[in-house]
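Please read through the structure below; I'll follow up with questions.
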């Protein structure tokens, strides 16, 4: 059983320099904590709460920024796709493709992502039970791709609130895929600020710790040097200066978890 | 205040003859109950629970079937779109475009639908609060389209279950748009049959009656001559033979509701 | 099928004169709308959100007030019990006993209420599914009492929020008991004001109309001449001046519902 | 910060010998794992799902059994109370009193428990938000008792299902009380077996591990030598033979958590 991997980055790409700056900070923190690192950032926020939110640099410019991160730091990069025709060009740069939660049942998008032969990380829809992801996995497998990651990012719980059911982690693991806990999206308060989603940044470490103790392959966190002024997801992102301490905590818990091979999460 | 309109049809297009057969049966039932009628059917089920489900005839063949219904019966038709580039061709045939619930926050799809200048019916996502639809409405309005319908189709309530909050109807009406109650999707049990969604057909009339008494512009129902063998949504569709009685009940309740102009729903 | 009955009154007893004043106003409104009337008020609010809330006059003084209402206006009265030993003295005055929602699974309270041979109205716990009430009904029936009313008053939906599932009404009716819709407690926002529950008074008529159109035996509403200054439940109570119009609406919808004997609610 | 305490025992008292047998097994396991131990068992299950469920030996006989456990093993014992008048006699034997979740807002029961000057463990109602417990705490504090434990045992999540929100643990800690995670009741499926609650015993360790990694004062677990034949809560109880391994896991995670004094849980 491999030690923890961390998928981390800003919510959206802002500039080449910003991507490199954050990626390097995160790489150093992950190396210090001895956890794996994959850089994640979005070139387009295609489902912003409102049209008042910034969407990002677009696919072409975004892929160039991700290329720079790969080339200069040698770290794998992951980004999300929103339309089937984005999958082939994205797969030329990204080491892994991600399917957003709202889109996790869009068959054509899943098939196009699977067809790239890149690993595909699917976020479980806020409207799905863990076991419903079996059908999502099958949509990828029928296209011949079995490099599948499944990410928990919270489930609808009344209005403007998500809850993370820790039972979902072993239930997803039972589908035979590595499981990731997305600790920062899971503390979103969807639509909670009227024209933007709110968030409870202070609880992201809580969910991350809980998930690592349950037993997961990785943790997904969005981080930023100035979350309050980030173009998206600010309320739930972790300040980059707090990442070292968080990763150290998670690595210590992961060491206990992996040494004991908890039966519920041994897929 | 106009009397009730009914958006009805099979879940997916099966054939030209089948579309005409159902549309005619529904038209007769609506005329008898003196309610408006819009024929609805999908050319593609783009987010089936699993790949084992049938998806429909595709856009080109589907639009031909819808054209036939318009031409032969003179009824308006509505169908749903899944990708931005489907909006222009669909708008050449369909009198109204529909945005599926899972996709109700995909900005590019909303903008493309709005740009057709056709009325757009947006289904409220199962993961959204009623008031979150304000931002969705704005995405259409900024594109210059204010012919917007908002449809309630249930909200996530634990796993594999939806609940319909009747308060959502006046809350949506407050956004200034006619409100539709989708009585058959709201009784779906998402993923409830493993490889397909279950449903509680017997409760669709219950939700329809409740919504009409609250006060709505219209009701959306999927109907079929043989729901148990329909290619999709069978468990929650209403048998076509039951539509006459249901529409008569709804018209009687609507007469009370519209005569009294309930203040909560007077947008 | 009997026309609608209305169980109505202030949340808690305030004084003999106040009880008589409200009961008379409600009686007149019910007579005008040709619906049945049962006066309801509590002598003790035993589970106030906080100790800062007023609890009422206590059992002895409260029962005297209820006796006055019975004697002077000739209307049946209903009140709630919280401990098994309250049931016998309450049953000497009250025409029906009510079990609060939080207590609907307390076996000894149910048995003691059943043993009085008075009709028992059980509020469905906010934490129970409709079908879970089968076991509650059985607890009363084993004690030999089959005069049972079941009341829907909303279900937990995330934090500080209730939702009313209209499917619950026919599901409760299937248990063989008359079903009541508690329209004012169902719009409570439990704990929503910090030291007291909030409420959405404006949606109580919405839920009442919906329930009557589904088909119910009765509606439960709390009303007050000055809800904003009432000692409890103010945010969700209906101003007494609005009752005439509401009851007229409900009676009109009930006439449609009862004439058609909706199959889902014919227990 | 103290190491983890474990409140454990069968769901209900079965006999003196059985109580002693289980208490000794649990004591040994707790000592081996170096965690604290409090024996818990109920003398009356006052809110069984149905009358078909066994209720226990009653207060008098039950308190005798608990006395034996105290006397023979020297361990503190905790039991739950259901009516105000049970508090004084129970407090003569029990080292701590517990308020059941359904009853956590019954003011008189809280006041009577507080008046005993014994520590009071209040289970958070399935229908309450974590912050709603502030008012519950105040009900105890006004009576002069500040030895309060707060226990998370899951929150209503749709029908027949509970979900545990790990954010609740630091939110409860913020109220200034030690926080306990009830890992076996939180995996109940209320009413899920028709005449009894179901449960997902396999996920109790998952929730326990998660909570300990978040940071809690203690864990509550029901255990039994033969859960499938236990008189209550069988589906969610942990086999006594599995307790050693579970406690060892929890102690290892607790050592990490307590060494790091996670800021969210330092009340």
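Going in written order, the chains are labelled A, B, C and D, and every chain counts its residues from 1.
Assume contacts are C-beta pairs under 8 Å (C-beta built on N, C-alpha and C of every residue); 3 or more make two chains touch, one makes a residue touch a chain.
For clarity, every value in this text was computed on a predicted model and none was experimentally measured.
Between chain A and chain C, the least number of touching-chain steps is 1.
Matching the C-alpha atoms of chain B with those of chain C calls for a turn of 180 degrees, to the nearest 5. Among the other chains, A has the CA centre that is most remote from the centre of chain C. As for how the two copies chain A and chain D face one another, over half of their interface residue numbers coincide. As a whole-number value, the distance joining the C-alpha centres of chain A and chain D reads 35 Å. Centre-to-centre, using mean CA coordinates, chain A is 33 Å away from chain B. Computed centre separation for the pair chain B/chain D is 48 angstrom, with centres defined by C-alpha atoms. Taken residue by residue, chain B touches two or more other chains at 155, 157, 159, 163, whereas all remaining positions touch fewer. Remark: chain C residues 46-51, 55, 82-84, 102-103, 105-108, 125-129, 131-132, 134-135, 138-139, 142, 155-156, 159-160, 190-191, 194-195 touch chain D in the complex. On the chain B side of its complex with chain D, the touching residues are 157-159, 161, 163. On chain D, the positions that touch chain A within their shared complex are 155, 157, 163-167, 169-170, 187, 200, 202-203, 205-207, 209-215, 249, 252-253, 256-257, 260, 262, 264.
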